[in-house]
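Notes follow the structure.
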Amino acid sequence: MSQVKTKSSFGVAQLILFLSIAVLVVVVAFPVLLILFNAFWVEDHFNFDGAIMILQQPATYQALKNSLIIAAMSTIGSTIVGTFFAWLVTRTDLPHKKFMKAMFLVPFMLPSFIGAMAWKMLLSPNAGFINQFFMQHLGFTGPVFNIYSYLGISLVEVMYLFPFVFIQVCGALERMDPTLEESARISGAGLFTITRKITIPLVLPSILSGALLIMLYSMAHFGTVAVLGIENGIYNIPTLIYERIHQSGGSFDAIRTGTVLATVLVISAALIIWAQRKILGSGHYQIIGGKSFRPMELKLRGLRMPMMIFCFLYIGFTILLPTVVIFLVGSLKTYGLSFSPENLSLDNFKFILFEYAVTRDAIVNSVTLGFTAAIITMFAGVMISYVIVKMKVRGKGILEFLGMLPFSVPGSVIALGVILAWSGQFGVNFYNTVWIILLAYIARYMAFSLKANSAALEQVHDSLVEASRACGATMWQSLKDIVLPLVKPGMLAAFFLIFLPSLRELTVSIMLYAPTTRTIGVAIYTLNEDGETVISAALAAIALIIIVIGQFIINHFSKKAGV
Amino acid sequence: MDIIRMEGITKGYPDHPVLNDLTLSIKKGECFTLLGPSGCGKTVLLRLIAGFESPETGKIFIDDIPVNDMEEGIDVPPENRGLGVVFQDYAVWPHMTVFENIAYPLKIANVPKDEIQQRVMEMVDIVGMKGLDKRYPSELSGGQQQRVALARALVGKPSLMLLDEPLSNLDANLREEMRFEIKELQRKLGVTVLYVTHDQEIGLAISDRVAIMDENGVIQQIGTPWEIFEQPANPFVFNFMGIANFIDVRRDGTNFFVGTGTQPMPWDEKPEGEAVDWVAAFRPSDVTISREDKGLHGIVRRANFLGAMMDYLIEIDGAFLRTSLETHHAIARDLILKAGDTINVQFLSLHWFEKETLKGVRNE
Amino acid sequence: MSYVRLVNVTKRFGDVTAVDNLNYEIGKGECFSMLGPSGCGKTTTLRMVAGFEDLSDGEVWVGDRLLSSPKKNHYVPPEKRNFGMVFQAFAVWPHLSVYENVAFPLRIRKLDEKEIDQRTMDALKATNLVKAKDESPDFLSGGGKQRVALARALAINPDVMLLDEPLSSLDPHLREEMRFEIKDLQQKYGFSIIYVTHDQSEAMALSDRILVMKLGVVQQIDTPLNIYNNPANKFVFSFIGLSNFLSVKNDGSLVLPNHEGNIPQSFTLPERLVGEADLSLASRPSEIDFTTMEDPEGLHGVVTRKAFLGEIVDYQIKIGDQFMRVQKSRRDKGPEPGENCALHLLRPFWYAENE
């Protein structure tokens, strides 16, 4: 021991805390506050009545109702589908379970608005391929199914959202101590009784938590409703916000309606998050056990083959069919031709990749934006998580609260917020530039980064750092030599968790794009709206390829890193 | 000379102190064990010495240099205290090899490369990890990981090594083996050791001196293992150090009767004091039983065969005691008993405590 | 009177034989333990009795009822076997109250409400759980949870109780207490117990008979005292309590490697080992006395370590190039580290080195 030093009272800890709070305030809290402020502050005083009047207008009232109806239907449907398939692949002797499980997770990576486009091609009342087939060849006088309906929208959402429940319930069922079920069996209960009285009740918290996630997602979901609803005048909250702002070019009235609707979204999201925390916090049973045996499998017997065929049909119908349609339509010379070999070519793909400026720019924009947002958010996330998980400083409570925000602010709210904050009112005008999209991406994906990095940091036990301090390393040296190398896998995970979804992002970009700042999602959507079905399908096909390749890279890395 | 001196240390909330006005010193070169039930504040004390936490009031000296003096505002950070620390969860760095783990303190201290190489390999050898220096911790067993942690704590030649329950994550056999290895290392390298544990057997086996701390963070006794075991200062210490029998004895004039009955206590040395209610405290091995009509008459209430040992629960007029004897002795002396048998009990040694002082010690 | 019967029970997982041709019978009201290190096949055997694993070969009977027989293509599922079973990880259901956990097997059997209530309350009383009956078992301690599991197994009044390491998730202090409780319950209800454990002292304390198992093969079946007094082989000796093994060479006379002292006169080989070249001398640390250096029965060595452990003092003695442990009461005087000493083995056992 060479010298006697005293600890300084203000130091690194406070600096990091201050920086973390600053990031969250600028990126998330400030825009959201502006929304609340704009919704209720009219002509220099608070005005709740005004907000209520806006909600009572027929169009806004209808959008509220639609959001609720669609969210409710999607949630119920996804929960049933997700729980059923989870049970099927973990607790029965269904053949090819591993393959099925992997396939049921595929919708996670597919952008639902591309799926919605595919279903529009298949089931739009007059031009849909399936409807046409039935009308022309089977003598139907009208369409068999109209996708431009509440039921249609909800079914498409179910196809893409049920993995939220599926993955949660699968996890719970796999980790559940098999002796919980075996002890019921030795008590005299048959497998069916056990499923009903023991298994399902024990995983109920997981089911509910997955269901709430779907609710949260569906309430604030733009893509599917935009593609399938607008045709028939079905608007939900995000599509109405977009429609108003887009049509009016940002008039005061439109902004105000938008902020009031966004406030409704924020409040319902907060309620859902609160409910989910409550369920996971208090009602979550400790069902993870010691010894691990294979869990009991229900023998499906006569139902085994029919169930397998059902699963394959489901996968074929909901995953394969739409994907194939996108690729086929993307290869068509002109929309409306039949899918015969002479009508198909790769020219469209060549065109959008190398010749057509709109799509080429969109790809470049998306990749650059995604990459930059991912890098920034990854580093910011690691810093903020470090303060929340590891540091003992005063003022941490504020940060913990701010850290919750990104989880509960839907995309369209963030988009509206950044418009309010960065279009010149406060001295900075990013409107119509890529910077505003970048800021929105950072806010939108901060939650992913916080989640991945806190999980990684929680694995780094305090004693690992204390050990290095005791070895003579200072705080900075310990961070550099011990903490950073150990959270690297978490940071990498955060990077990909942000980079991939940002490639297909639509909800935020659609509110913020300018002619030169289209992203892939925006380009697909607007081309489709403009009737360029073939080009937009081709671009969607390319997006799908990029996403699948990216997913492979993630899987490869996360296996190597042992995450 | 004292290597550590703690004076008037207080830590915790004002209305709920973990440590209150604690004073303790540890001599250079000794193996000192701080023994106490879990949650008693012994780990906090170790963390104060290491510098991971700061006391609210009081002073800590290492080698007579103040490292904490709250009035003077002195609080030396852990990296400048020159200690070796070993943690319960090993805390070896998973992204470094065995060699890199052990080399880290030397690297931080800017020791030349070839000296690092030589000293680390020497340490690898001393802790019995020869040939494993290129492995990563995930390829090692718990015992081997703890050896790496020991080597890392010792490689910088600290004058004091702090060990916080280093063996409690290991299985019983390994724990037994490792405690002797730690003792061996301490002797070989002449380092002072402060060992914190709740396991009284380890404390007795390796220490030069032991301090017993109670649930409230108060040190009840400091002494050699023999003193602690044979001359416990109070019932808490006695109870903490092993299976304890406490039987009620009531004074009636000059007579001392066991339990609720009228058999006098067969022990010459009687307690001094005016109290009526006394307790005789002794270990299961302090009891001898026989079929001869000597000592106290009792009835076997439960007979328990444990392999090498026979374990009997005996009732004497409402007082219960446990005794154990080696199975081969039991067979040789016809003392394989069953519940309901009558048996006679004598004592080899016992301690007297006033019944008053037993409050909160005996759980009934 | 035999009640549970295992006949030629065999379990193969692929090429691995987990349980090899197991035969035993358990009497009514008997407490029978299967003891062995982890992976020895004891749990697999119990799960075959319970019906959670299929047999590869052999038969399981209870009374005159055949439960499993792959040859006769006969299999009674677990829910029809009427056993009580307690698992290591408690396996109590957190979404049901303590009362409903215990009542579950009775409700499955569709008993009338009055009888369910009465039998549930009986089981709760027997396990001291009446006070906690409306709580979720999640709020109970480990010991409390295991009581709920016991009560649930008791509720149907089973003839046979299967216990799979029921105490190893509890802390040591509680383990002993629960052991006595299980024994008391057995005395009260009279069921047979098949008890699986890796803890020899648990098996010793509870059982009427113990089966010691290694790699799926039975090593010995006997009463606890006989297993301790006459271990059938080296493995059983080493698995029961602390043990010392010294390698001894036999070339007509007995030789300890690198040992310069005498060999005690009473070291005589049992008949079966006379021709064996490599022997193992087994002894227990507690069954060794220190004797004088002149005693012809003394085995000479040097004290290399002495540790005071409280009630006992633990010595390490170097004999030739091998080590032995000796444990004496703290009251017995013993030599100090570095001193020469002579050991008298009170009960030496001889085994072939590689058996």
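Note that the chains are named A, B and C in the order they appear, and that numbering of residues resets to 1 at the start of each chain.
Operating definition for what follows: contacts are C-beta pairs under 8 Å (C-beta built on N, C-alpha and C of every residue); 3 or more make two chains touch, one makes a residue touch a chain.
If you want to know which protein each chain is, UniProt gives these names: A = Iron(III) transport system permease protein; B = ABC-type quaternary amine transporter; C = Iron(III) transport system ATP-binding protein.
Since we're looking at a predicted model, the values are computed, not measured.
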- Message: Touching both chain A and chain B, which chains are there?
- Response: C
- Query: If you tally contacting C-beta pairs, which pair wins, B-C or A-C?
  - Reply: A-C
- Can you give the whole-Å distance between the Cα centres of chain A and chain C? 54
- Query: So what's the Cα centroid distance for chain B and chain C, whole Å?
  - Reply: 29
- Message: Show me the residue ranges of chain A that touch chain B in the complex, using the header's touch definition.
- Response: 1-7, 461, 463-464, 466-474, 477, 481-482, 485-486
- In the complex with chain A, residue positions of chain B that touch it: 50-52, 54, 62-63, 65-67, 73-85, 87-89, 91-95, 104-105, 108-109, 149, 152-153, 156
- Item | Residue ranges of chain C touching chain B (in the complex, touch as defined) | 180, 200-201, 204-205, 224-225, 228-229, 240-242, 284, 286-287, 305, 307-312, 314, 329-331, 346-347
- chain B - residues contacting chain C, complex: 180, 200-201, 204-206, 225-226, 229, 241-242, 283-285, 302, 304-308, 311, 326-328, 331, 336, 348
- Item | chain C contact footprint on chain A (complex, rising order) | 177, 179-180, 182-190, 193, 197-198, 201-202, 204, 285-287, 289-291, 293, 296
